[in-house]
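Inspection log for the structure reproduced underneath, given as structure tokens.
Chain IDs A, B, C and D follow the sequence of writing; residue 1 opens each chain.
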Amino acid sequence: MAKVFFDHISTTPLDSRVFEAMKPYLLEWYGNPSSHIHDQGQAALRAVDKARSEVAALIGAKPGEIVFTSGATESNNLAVLGTAEEAGNGKRHAVVSGIEHFSVMNALIPLRNAGYEVTVLPVDRDGLVDPDAVRSALRGDTALLSVMHANSEIGTIEPVAEIGRIAREAGVPFHVDATASAGHIPLDVREVPADLVTLSSHNFYGPKGTGALFVREGTKVAPRVFGGFQEMGYRAGTENVPGIVAMAAAAAIASKEMGHWADHLGRLGKMLWDGLSGIPLLHFTGHPTKRLPGHVSFWVEHAEGESLLLFLNVKGIMAASGSACSSNLRGQDEEDLVASPVLRAIGVPSDICTGSITFSLGKGNTEEEVRLALDALPRIVERLREMSPTYLDYQKRMSQGG
Amino acid sequence: MAKVFFDHISTTPLDSRVFEAMKPYLLEWYGNPSSHIHDQGQAALRAVDKARSEVAALIGAKPGEIVFTSGATESNNLAVLGTAEEAGNGKRHAVVSGIEHFSVMNALIPLRNAGYEVTVLPVDRDGLVDPDAVRSALRGDTALLSVMHANSEIGTIEPVAEIGRIAREAGVPFHVDATASAGHIPLDVREVPADLVTLSSHNFYGPKGTGALFVREGTKVAPRVFGGFQEMGYRAGTENVPGIVAMAAAAAIASKEMGHWADHLGRLGKMLWDGLSGIPLLHFTGHPTKRLPGHVSFWVEHAEGESLLLFLNVKGIMAASGSACSSNLRGQDEEDLVASPVLRAIGVPSDICTGSITFSLGKGNTEEEVRLALDALPRIVERLREMSPTYLDYQKRMSQGG
Amino acid sequence: MTAGPYSAKVMEHFMNPRNVGEIDGADGVGEVGNPACGDMMRLYLRIEEGRVKDAKFRTFGCGAAIASSSMLTEMIKGKTVEEARAVTNLQVAEALDGLPAVKIHCSVMAEQAVKSALDDYAKKHPG
Amino acid sequence: MTAGPYSAKVMEHFMNPRNVGEIDGADGVGEVGNPACGDMMRLYLRIEEGRVKDAKFRTFGCGAAIASSSMLTEMIKGKTVEEARAVTNLQVAEALDGLPAVKIHCSVMAEQAVKSALDDYAKKHPG
């Protein structure tokens, strides 16, 4: 059976060119960059330096502004908590959008415990943050503003350039979580006045285990990991050399090819969107045009999300409900499966949130695969609805001319 | 020219079997374990679960007691800071040995800033911690004791079983940094009453970017990375699946083979030690017998360490001065190159610390390579001494019957 | 080894659920759960001579909810009212070769649905 | 591209240092640094008719220290006393095709060694 991967927002397959770039640093050049007195260490150090330039180039940054981390979660934590720590005692206020990822939201918990005030900005039905709301929220004692570039679950792209200018005016450090967008749509820190940008290797065809935080020259961030003097003092610990080399290779490929990918994914996304429009009681989520290419998200009434995804998987189509975290079977309670904070933030009624699906396409997907999904989904929805007591009631209401 | 890698304490080459185990999780099974509703995510989740059992088996732990991290530094930070946070407000005292790695020592900085008292235990000339000193140092308000299993720089193996029993009696959580020892010499948490143990993949023929912390059932550790609900809540962030699978493969291999490796390395180490004994004014460091197999460390008078290492590298022999961090050319100042806190702790006079070398052998090294080193080093030492004004003065003193 | 988070048995019942539907003029109808909580089950029973003669269900919910519903109907058909009432969620879960920990509540829903339907039957057929 | 942390020029001087040794009855001797700080350099000068006729050194130190010493002796040989005194650490570092930032102090040591040796010469040869 054909296997169709439509869950690129949770992770992406490794580009084979990235694997080839990484391989020598697994097999041949295994040195520790801190042990650079000898050939092995020196090769590792040079590889990390080169990688820093390549990742910097993806967003128009300087090499010295790139701090490698273990992933987006660590980068987001470092941005939020590291900046708050450096902001000084007087500044104890943080502003974030209501649709930030858990790795931003939950990093606020220790801040709240320490007495910080947090302003959570609402978003509109399409998931957009209103720049004017940002302007009103920023205060003299605001230590940090965090607004993501694009949302994983609903695909909406935020007006970060405009928001950045507002933050710059107010003198507030501005963090942009670009986990879902980097390597897919352009983000240039020479144009977007962001002070901190989170990048995630495994979201643009690089491997898991490596991320980065852009820290603009002059921005103060306290380290969160203590030990040796790696990463210019921002992050201790022996560098994940093969991971860093691979992330850089992925960044270099994305820098060159993301325009083509976006064209291709834009076409597939439109085809998928148009095809899905035919399913009754299906509602798209996120902004209709300001969205990630190849990202199509929606919820359907009278069919539960997990069942839909399970059925799709049996038919060879792998998708998810948007944020991998919010479909976490390993969560402490069932809450995880039901309540998506993002869908709540855009006003989806909570009794139907559970029928949400995100199809996130990647550069390797084809029209044929979109057709497979368009063929499978309506039947699956139909079948689950036929089993659902709520759909039965709905049909009765309708036939009674409701 | 033959390339001889004698710096296994900074990092080890990846075992080719580990690479083979890792490869499918880079190329074929790229799923995100949190997206486990579909085949890709499910395969990733199962791989991580299996890996957890394999790593647990290396130290006799239960799978649920293994938390994967990005490396030893993060594990040490989590052990120290996570335990302190859970210890409660009354307990504001930490005890560590004087030869812990920076990732333990520097994790104490935020604790000190928060008003913690820290007792640093002295070590003897061989680098051994005295269990009686531990007993006297532990108090009613001690939140944590941290003593490493083996020291990277001087190879000494600490009596962690005995120290653990003292900690257990006193009811103090006991952390053992086993970065340098795990996978090389046995450590079984059913016998050693450690509550927290740090493991590092790249130190036992696994890749960089993955480590683990053993957290004994019932031990309380607050997370340091906030976000999704991965790693049983101890550590947020998408798992480094290939890294975790690889670490587990390395652990499984080590579990089986470490006895053979130790025999082989014991032989090579003895050969090296005996050969080096012939160099005048050379002083071995660390305990003569309670030491890591294949680890030979020493300092020589009248020859500077970096020059020795540089010269050795030119001759194809890669070694380091023990802790990769303490030879960090990228440090903020030259201090890094000169002052090794470990050598100071064992009482090596600071004006000759700079001539310290650690030869750390690995399972792939051969007698032939040891012979190469034994051939090269005396000449290098001789040559550098001939250039040194201090050696000239020494010779004059000697010839004057000094 | 199955591909998904569930046992082969769960998947088999999920893909081919038994006894989906309604019973016209059922002797007992039970409804438990709530779509806002992610699942809802409606169970129809035909009771004859103190035995469950027929059982049908409609469920809105996850794979475990649907499989539990299907398995439950299979398990209670032919049982006496008392035996049916005694079926526990653990029996349902076991019959499905186990459920993930966070999905146990789905089998609880099935157990509650029988009780609810039998209560309805008792109300309609007092004495 | 060289293998180590240093330029090919540094490595060449490190492996084949020029002018290692002493000058018996040197006209000026300078000593700077301290083994406790990781490096120490002793410079011997033979001065004739106001010019550096010969220069020899002994250095305890890292690769950069040895290469800087070697390069320095080459640079000052033949220079007038004034010219030799004017040699800066940056000229030494440049002549070596650069030094890592944390190693610049090694070239400073070389510069100071000349000044120290010339001070010694001036003291011994007043006027």
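The criterion applied here is as follows: a residue touches a chain if its C-beta (ideal position, glycine included) is under 8 Å from a C-beta of that chain, and two chains touch if they have at least 3 such contacts.
Everything quoted here is computed from the prediction, not taken from an experiment.
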| item | value |
| --- | --- |
| Most distant chain from chain A, judged by the mean position of its C-alpha atoms | D |
| Which of A-C and B-C has more C-beta pairs touching across its chains | A-C |
| Interchain centroid distance [CA atoms averaged], chain A/chain B, Å | 35 |
| Between chain D and chain C, distance of the C-alpha-averaged centres to the nearest whole Å | 90 |
| Whole-Å separation of chain centres (CA-atom averages), chain A against chain C | 39 |
| Between chain B and chain C, centroid-to-centroid distance (C-alpha), Å | 56 |
| Per-residue multi-chain contacts in chain C, two or more chains | 3-5 |
| Multi-chain contact sites of chain A, meaning residues that touch two or more partners | 36-39, 306, 310, 313, 329-331, 336 |
| Every chain pair in contact, whichever chains are involved | A-B, A-C, A-D, B-C, B-D |
| Chain A residues touching chain D - in the complex, by the definition given at the top | 36-39, 42 |
| For the chain C and chain A complex, residues of the former touching the latter | 3-6, 11, 14-15, 17, 20, 22, 31, 34-42, 58-63, 65-66, 100, 102-103, 105 |
| Partner chain B, residues of chain C touching it in the complex | 3-5 |
| Partner chain C, residues of chain A touching it in the complex | 302-307, 310-311, 313-314, 329-331, 333-334, 336-338, 350-352, 354, 386-392 |
| Chain A-touching residues of chain B, taken from the complex the two chains share | 3, 5, 7, 10-14, 16, 19, 22, 26-27, 30-32, 34-41, 70-74, 76-77, 101-103, 106-107, 109-110, 202, 207-210, 224-229, 233, 236-243, 306, 309-310, 312-313, 318-321, 324-325, 327-332, 336 |
